[in-house]
Structure formats: structure tokens, C-alpha cells
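Naming follows writing order (A, B, C, D, E and F), and every chain is counted from residue 1.
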Amino acid sequence: MNDSTNNSHAPTLSHVNKRGEANMVDVTEKALTSRSATAEGFIQMSAHTLSLITQGDNKKGDVFSVARIAGIQAAKKCSDLIPLCHPLMLTKVKVDFTIDEENSQVHVTSLCKLTGQTGVEMEALTAVAVACLTLFDMCKAADPLMEIHGIRVMTKEGGKSGSWQAKAQQALQDSKNKG
Amino acid sequence: MNDSTNNSHAPTLSHVNKRGEANMVDVTEKALTSRSATAEGFIQMSAHTLSLITQGDNKKGDVFSVARIAGIQAAKKCSDLIPLCHPLMLTKVKVDFTIDEENSQVHVTSLCKLTGQTGVEMEALTAVAVACLTLFDMCKAADPLMEIHGIRVMTKEGGKSGSWQAKAQQALQDSKNKG
Amino acid sequence: MNDSTNNSHAPTLSHVNKRGEANMVDVTEKALTSRSATAEGFIQMSAHTLSLITQGDNKKGDVFSVARIAGIQAAKKCSDLIPLCHPLMLTKVKVDFTIDEENSQVHVTSLCKLTGQTGVEMEALTAVAVACLTLFDMCKAADPLMEIHGIRVMTKEGGKSGSWQAKAQQALQDSKNKG
Amino acid sequence: MNDSTNNSHAPTLSHVNKRGEANMVDVTEKALTSRSATAEGFIQMSAHTLSLITQGDNKKGDVFSVARIAGIQAAKKCSDLIPLCHPLMLTKVKVDFTIDEENSQVHVTSLCKLTGQTGVEMEALTAVAVACLTLFDMCKAADPLMEIHGIRVMTKEGGKSGSWQAKAQQALQDSKNKG
Amino acid sequence: MNDSTNNSHAPTLSHVNKRGEANMVDVTEKALTSRSATAEGFIQMSAHTLSLITQGDNKKGDVFSVARIAGIQAAKKCSDLIPLCHPLMLTKVKVDFTIDEENSQVHVTSLCKLTGQTGVEMEALTAVAVACLTLFDMCKAADPLMEIHGIRVMTKEGGKSGSWQAKAQQALQDSKNKG
Amino acid sequence: MNDSTNNSHAPTLSHVNKRGEANMVDVTEKALTSRSATAEGFIQMSAHTLSLITQGDNKKGDVFSVARIAGIQAAKKCSDLIPLCHPLMLTKVKVDFTIDEENSQVHVTSLCKLTGQTGVEMEALTAVAVACLTLFDMCKAADPLMEIHGIRVMTKEGGKSGSWQAKAQQALQDSKNKG
């Protein structure tokens, strides 16, 4: 693959120190800026199971409401779940669902925002992951073979590094690896 | 795909009632039996990032320790994260990591056990998901393009339905769909 | 009112000791029995606000779903909220809503069940109270004058004291006070 | 009653979107201002039960201390209990009790303060509700027929809408309904 | 000191496996037995500070009530605080305070009980530690030089190992080391 | 001892009011300043137990990783554990371990930082206490006679009172008491 391990400018880990010990990044001196992040994920299920949660009486039922609330609540608990995350005061959490019938899956997206000293991509990822787990829980009696996949950060805004988009970044990296 | 929606024996959702409202399953009358579940998931990263957490000083460092602890703690918090899960007293949680260099990813597995009235697959899935999220957090400074995938239940033991294996079940379902 | 304070058989407080200190009741020796409790409460609002959550697009919307989930989750957190409550493993939590248009209010009811050593009326009350608070939160922009009232235990089943019904008990007490 | 449903200026719900989905209000752009809110509630009990917690050895005992602490702690947990509440950093929580012997009840009041982007009335209401539930728990062995009522917001200060008082607002609304 | 490291019968660690990885002990097969543990600790403060919390108006005030409640609540949270502790359903928690004027300190003791599969000494120790921290918090404005010390297990009852007393065990070990 | 009780300038308690009731200090008007605190504590164990966690395979094992994570997580939970502590957004938590073979103990130190309205010494103390409790848990199978001691604040920086060092303060107080 790429030879970045030989590159002296190669990125390093911020969350372990030189002795390999867990290290919570010190953000005391960082400026308070407006930040946001979006993330996505998917839960694949049988066509029958997907129909159970998208048709008839369940169409407007609680399945997605429960998963949405679980995702929002999980974003707020992020620093309790991920040991080196800083406690944050999120000013907005949004979780949405799109049905992808062609691939027999639900597409889950999230948006987190705050004015603070650290990015919120972990909060957005946590919202997506727990919303997917909740859909799994609600459908598992009908379909224990479901699979959660494609959980990743889509975009980040704000902070020192400014605007970041997974798509653009991926294209850049792909071209590097070819070059 | 399959025509199971027309099948009168088709599985239905246990977690919503006929009005589509969220429904916590009543397990009061269920017998206390010994139960266990295993789950798995993957986090894919660049070869460089994978080397950062598997070589040199970090080889025995805290990265995997932190993710293991986060996964164990998350399994214990499952009923707080997934709204319709019952509170449980897990008697064992195990989270393990295998490096899959060929596919440039970490393979995360979990095992949950208890003597109780409900299965523990959601606890096992939650352990895997949060362990993956924690690895993401610890490596994101080096590699924001990581992706979490393949989160699923591998096996379940105990309870009324006895022993269940994803592999065998998948084979069965595949043959049905072909037939 | 009644003169029960002079009655040597008058009920006393189980949750404070003779020195007036908080006392968690010791239930170690109590038998594991099947127990349940139901509770109710009301949130009164303007006719306009009530119509906002019961008509048109919101009729099947998330307002009641969110309050139901909040109530269920709160029942599970009861021992974290009420200092002298024992940790419990609820086997069932149910929260329901009925619209009482005549009195311009929502009627919230809950049911909690478990097989355990203590009653679950505090869990049922907590579910009702937090479901009411959540309805308040979701409607407060339209109607900050809402009022939550009538939170009480309706019935208890199981345990040493057997079956208990608020209505019957109230009638008994009323006749005593008259007598 | 009033005809506000026909009024184009009628208040609407901020916590659900046009599709009826749960919606956490975005407060990212709101100014940090000093805010406070007060709330109240009551727990009615038999005269005998009231005497148990207000006379003799219990007069200075732990009953009210426990309820006060429970209320303070609950205010801090508000965003964990009420799904669409934002996480906040309260700078002051106060819970007080007054004995209303005439009506055989305890009057519970709370005050919450912070410098932040959202109001704190839900925190004040949560403090009152959980303090009442805790009093219920501590007295329920003596009096299972208690009732919690009259939980409402009394005043709000700060934020865009400035000072708000339930009393004044109620009078205004009453006169409108008459007019 | 002693040469127990050369002893093939020397005790080993149950909470790490052979690879040095964190290991939650599997208690699935352990019998449910009645268990209890007591622990103690001390917080040393200036004579003036001690007098502030033991004399006059504060004598029956909230200082010890708050610390007692904090200790009881912390025991219930033990498995959330100590990563490899199992979730438990405590049936009794007791926290007491004795004033030791001679040594200018408060003596904190705790008792935890349950019918379960694991011992409860960590719960008892956590109750003592958090009660001491709460006393520290309440007195720190007057005396920031306080010190918490002597936190240890006093007795354990139940389980496979039966009755255990720190005093007797200490005497035994002391005699061994001399021998 | 000292006669400070007669001194009208003697320090008083900020966390109880004149009636002896628990009182959360109102920090609404306090300036946001950069603050930090360090704390320390010790856990004494047998030489054999100490060798188990510091030699051979465990040398780089998870024992200290688990205790470090537990300490960091506990600092973030401080306001949930200590009733009158304000919720805070810590910007840095650090927990370190030094082996003191001579005294057969582990020395635990912590550092907490934030930009906020209150000091963070309780967070630093909580991190130390829970890290010690976690070491106790992980070693208790080998050595139930361990003892946690010497938990105290070492330094505080920031806020109205500026820089504070336990050592200097202790020296000052000692000289006063002699004088």
C-alpha cells in the first residue's frame, strides 16, 4: 500500500503519549469556535424485515422514533462512553433515516453542533452507531442476521482545521496512493 | 428478493404493538437460564494508522486496553443506551482484538454471559460497537477516513430458542432464497 | 382531621432510623416474588396546545413516542434518581397516554413488573413523572402555563402485602375518618 | 374555550418538525446570557404522615435532606432524562420545602441558574418532581395514598424573552379568554 | 520483605489474563449466596473544621446526610466506576459516621449486602471513598488541607471463601512474615 | 490544638446555609478563568502483590491502563458522585502511577484542568480515589489487606484565590500552631 510509515511528516496518534499510555488531549487553550460534524451508517436487513418497519401500520410507528431518540441521547453520553472524549455541551443533535429499498437497508445520518474547544465527530458517530443498534434491537426477533456497516464521518466544520469532507479527502488520498 | 411478506408464518416485530407503539417485551414469566452471545465488528484504517497501533512502543500500549475497557463498560450500560432493552446483570463480558493486516483492519469480537430471562446479543453488539468507536477516537488524528463495518451477532446460546449460529442460519436462508 | 398520631399502631417511616438518619431498607432476606405496580398522572394544557399534539400531522408524530421512551428509560434509572431505592431488574415497563379533551389534559399511565425482593411503585411513579416532564418540554414553547398533577400509585400486586388498590384503600380510609 | 387554533399567530411546537419528528432545537447561535427559572410542586399526604416527618426526632432528620439532594442531583441529570433537553452547566440549584399543615401537604420549590444558551425551566421542574418522588419513597410505608400535584413553572428570567411570571401570564390569558 | 514471589502457591491476579489483558471474572456458574462486606475510611481535618460540622446548628445539619446519601448512591454505581466490577443488585447499603475528636477526624464505615454471585467489598469501599470525598467537598472552603486515609475492607461474609476478617488475617500474615 | 474556633475570621462552611441545609454555591457571577488542580493518593499492598503488577508479563499489561481510564472517567462523573459539585467541562484529565517499592505501594497522581467558574480539586481527588479503588479491585484476589491512604489536594491554580500549594500552606499552618 502506501509508504507513509517512512514519512517523517506522517500523522501520529494524539491519544497515547510516548510511553504508549492513554492521553486525554489538553484543549484548555483552544479557542471556542462553532463546530459541526456529520456521520453516517447503514443497517442491512432482509426485505421482509425492512417492509415490516416501513409499510402499513408501522409506517408512522415508533420504530424510527425510538432509534432517533436513542441516537440523540447517545450523542449526549459520548464522553461517558468513549474514555478520552471531553465532556461537551452539544447545541444540536439530529438523526435521520432514509430507506434504501434497493439495497434492503436503512441509511442513518447524524449532525452534531456546538460552540466549543473540540470537534464533535465522535458524538456524530456515536449517534449513528446507537441508532443502528436500536434498529437492530427492534427488528432482531424478525431478523437476527442483520448487519451494521459503513459507519464513518462525512464532514467536519470549524476549529483550526476548518472544513473537511470525507469525499474530497478520500479522492486526494486515492490519487496519492496511485501516484 | 424473497416473498416472505406474503407468508403468514413470517416473523413479526416484538418491539412494537399493533398500534405501532414502542413495546418493551414482558419477560416476567420467562425462566432464568444460562445465556451467552458473541458478536463481531471491524474498523478499517490506512496501513500507516494500523502500524501506529500495532508496532513499536504502542505494541503493548494502551490503545487496545482503552478500547477493551470501553467495550466492557458499554455492555454494562446497554439498557441505558437501547431504550427497550431490559436491565441485566451480566456475569461475564469479554472484548478481544485481532489485527487483520491483509485487509488493513482490526477485528473486534465480544462475548457476553448471564443467567437471566433475556438474551444478551444487544449487550455483545454494544460492546463491539463502542470498542470500535473508541479505536476510531484514538486514531482519528492520524486517519479520519476510517470506517466501522461488519457489526453482527455471531452466536447465541441458551433461552427457549437454544443454540443459534449466524453462519448456519445464513446458509439456511441463502438456500431458501435460491429454492 | 384524623387522630392517627395518637395511635400506637400508626404506621411509621421505614426509610429513617430512630436517629432520623436515612435508612435503605434491608431486603436481603425477602423472598423473590412476582410484583407489579401501576401509576398515573396528568398534564393539563390549553386546548390549543392539546390540539397541536393530537391533530393533523402530529397525530401520529413523535410527541408521545418521545414521552413514552423517556418514561420507560426513567423507570430503569429509578434507583439512580431516588436515593434509597434498591437497584432492580425490571422485566416490563409500559407507558400509555389517553387524551382527555374535556379537561384539556393528557392522562399518563404506567405499569412496571419484575420478579424481585421489593415493590416497583417508585419505578411506576418515576415513569409517569418523567413522561409528563417530557410532554411539558415538547409543548413548553406553545404553552408555558401547563401543570402536572394527580401523580399517584393506582395498584400494587405481589410481595408480602399482596394486592393493593388505591381506590379501595381510599374508600376505607374515608370511612374511617368519618366514623 | 379560546379560538387560538384559528389564529395564524398561534404558538406552535418547537420540538417536532413538519413531519412530526422529534427535533432538538438548534441553539448554536444563541447568545450566552444569565438565566434562571423557579418551579414548584406539592405532595399531599395524611396528617399523620406529615406529622411523622415534621415532628419530634425527625424534625431535623434526613427526610428533607435526602429529598433536597435528590432534587439537586436530578436537575443536573435533566438532559439525560428529557430526551430533547440540551446538556447544560448549571451554576446553582436550590430546593426548598415548606410545610403546609392546613392542606396536609409539603410545598416544594426549586431555583436553577446558569449562564448559557437555553432556559432552565425543565431543570427546575425536574428538581421539583424528583424531590416529590423522593418524599413519596420515604413516606410510602406509612401512606401509599399520597399524591403529587401542582408541578409548574413559576418564573423565568433571562434569554431573548426576558422576564416571565406564571401569575401575570395566567391573568393575561384569563382576561383574553373572557374578552 | 517476604519471599512469597518464589512461592508456587502464591496468590495471582484474577483480573488480568496471561497476556496481561484486563479480564472480567466469569461468575456465571457461581452459586447465588447471601453476601456482605464492611469497609472503613477516615478523613482528617483541623480541629476547627471538625467543630464546624459537629457543633451548634450544624450538629443535626445536612453535612453528614449529604455524605451518607452520596456514599449509598456511589455503592449502587460501583460497576459503572470500577471497570471490571459486575453489575449487582444490592439489597442493603449503610453508611455511618463517628467523630474521632482525639485524632481530629471523621471515621466512615459502610456495610453492603446482596444475594448474588460475587462479593461486595468493592461496593463497600466505594461507598466509604465517595462519602469521604463528599465530606471533603463540603468542608474544603474551610480546610483545603484535609486528608483521606485508612480506606480498607474490614470484613466479608458469604461466598465460597466464607467469613473473612481483616484483623484476623493481618495477625496471621504478620506472624508469617516474622516466622 | 489551635484556637481558631474563637477567631471571628475563622473559615466557615460554604456548602451549608445558616439552617444547616445543604447549599450548592452559586457561581453564576464568577468569571470564567483557566483553572487546574493536582491531587495524590497511595495504595499500599504486600511486596508480592506489588511485584505481580510491576514485573514480567504484567509490566506493560492492562492493570495500570484500566486504573488510569477509571480515574479519567470518574473525574468526568464528579458532579454525579458528589452532590453539591457543579457540572463542569474538563479540558484535561491526567492520571499517573509511580511505583514506590521501598514502601510497597503505588503512588497515584492526577491533574484536572478547565476554563470555568469553579475549581477542579474535587475532580482531581475523585480521579485519584477511583484509580486507587480500581487497583484495589484488580489486586484484591491476591491481597485483600490493601489500604488506600494519603488522598489529598496538592496544588490549585487559577480563580480568585490564585495559586495554592498544600506544602506551603501546611508549613504556614504548622508555624501558626506553634506560634
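Basically, contacts are C-beta pairs under 8 Å (C-beta built on N, C-alpha and C of every residue); 3 or more make two chains touch, one makes a residue touch a chain.
Keep in mind that what you see is a predicted model, and the values were worked out from it rather than measured.
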- Note on the structure: Comparing A-B with B-C, the busier interface by C-beta pairs is A-B
- Note on the structure: subunit A and subunit C have mean C-alpha positions lying a whole-number Å distance apart equal to 37
- Query: Quick one: subunit A and subunit E, Cα centre-to-centre, how many Å?
  - Reply: 39
- Query: Can you list the subunit F residues in contact with two or more other chains?
  - Reply: 20-22, 60-62, 65-66, 68-70, 73, 77, 80, 83-84, 88-89
- Message: Based on which chains touch which, is the overall arrangement a line, ring, star, complete graph, or other?
- Response: other
- Note on the structure: So the complete set of touching chain pairs is A-B, A-C, A-D, A-F, B-C, B-E, B-F, C-D, C-E, D-E, D-F, E-F
- Message: With touch defined as at the start, can you tell me which subunit B residues reach subunit A in the complex?
- Response: 1-2, 4-5, 7, 10-16, 18-22, 41, 46-49, 51-53, 57-63, 65-66, 69-70, 73-74, 77, 80-85, 104, 121-122, 125-126, 129-130, 132-134, 136-153, 156, 164, 166, 169-170, 173
- Message: With touch defined as at the start, can you tell me which subunit A residues reach subunit C in the complex?
- Response: 60-62, 65-66, 68-70, 73
- Item | Of subunit D, residues touching subunit F in the complex | 34, 36, 60, 64-65, 68-69, 72-73, 76-77, 88-94, 113-115
- Residue numbers on subunit E that touch subunit B, as the complex places them: 20-28, 30, 79-80, 83-84, 86-89, 116-117
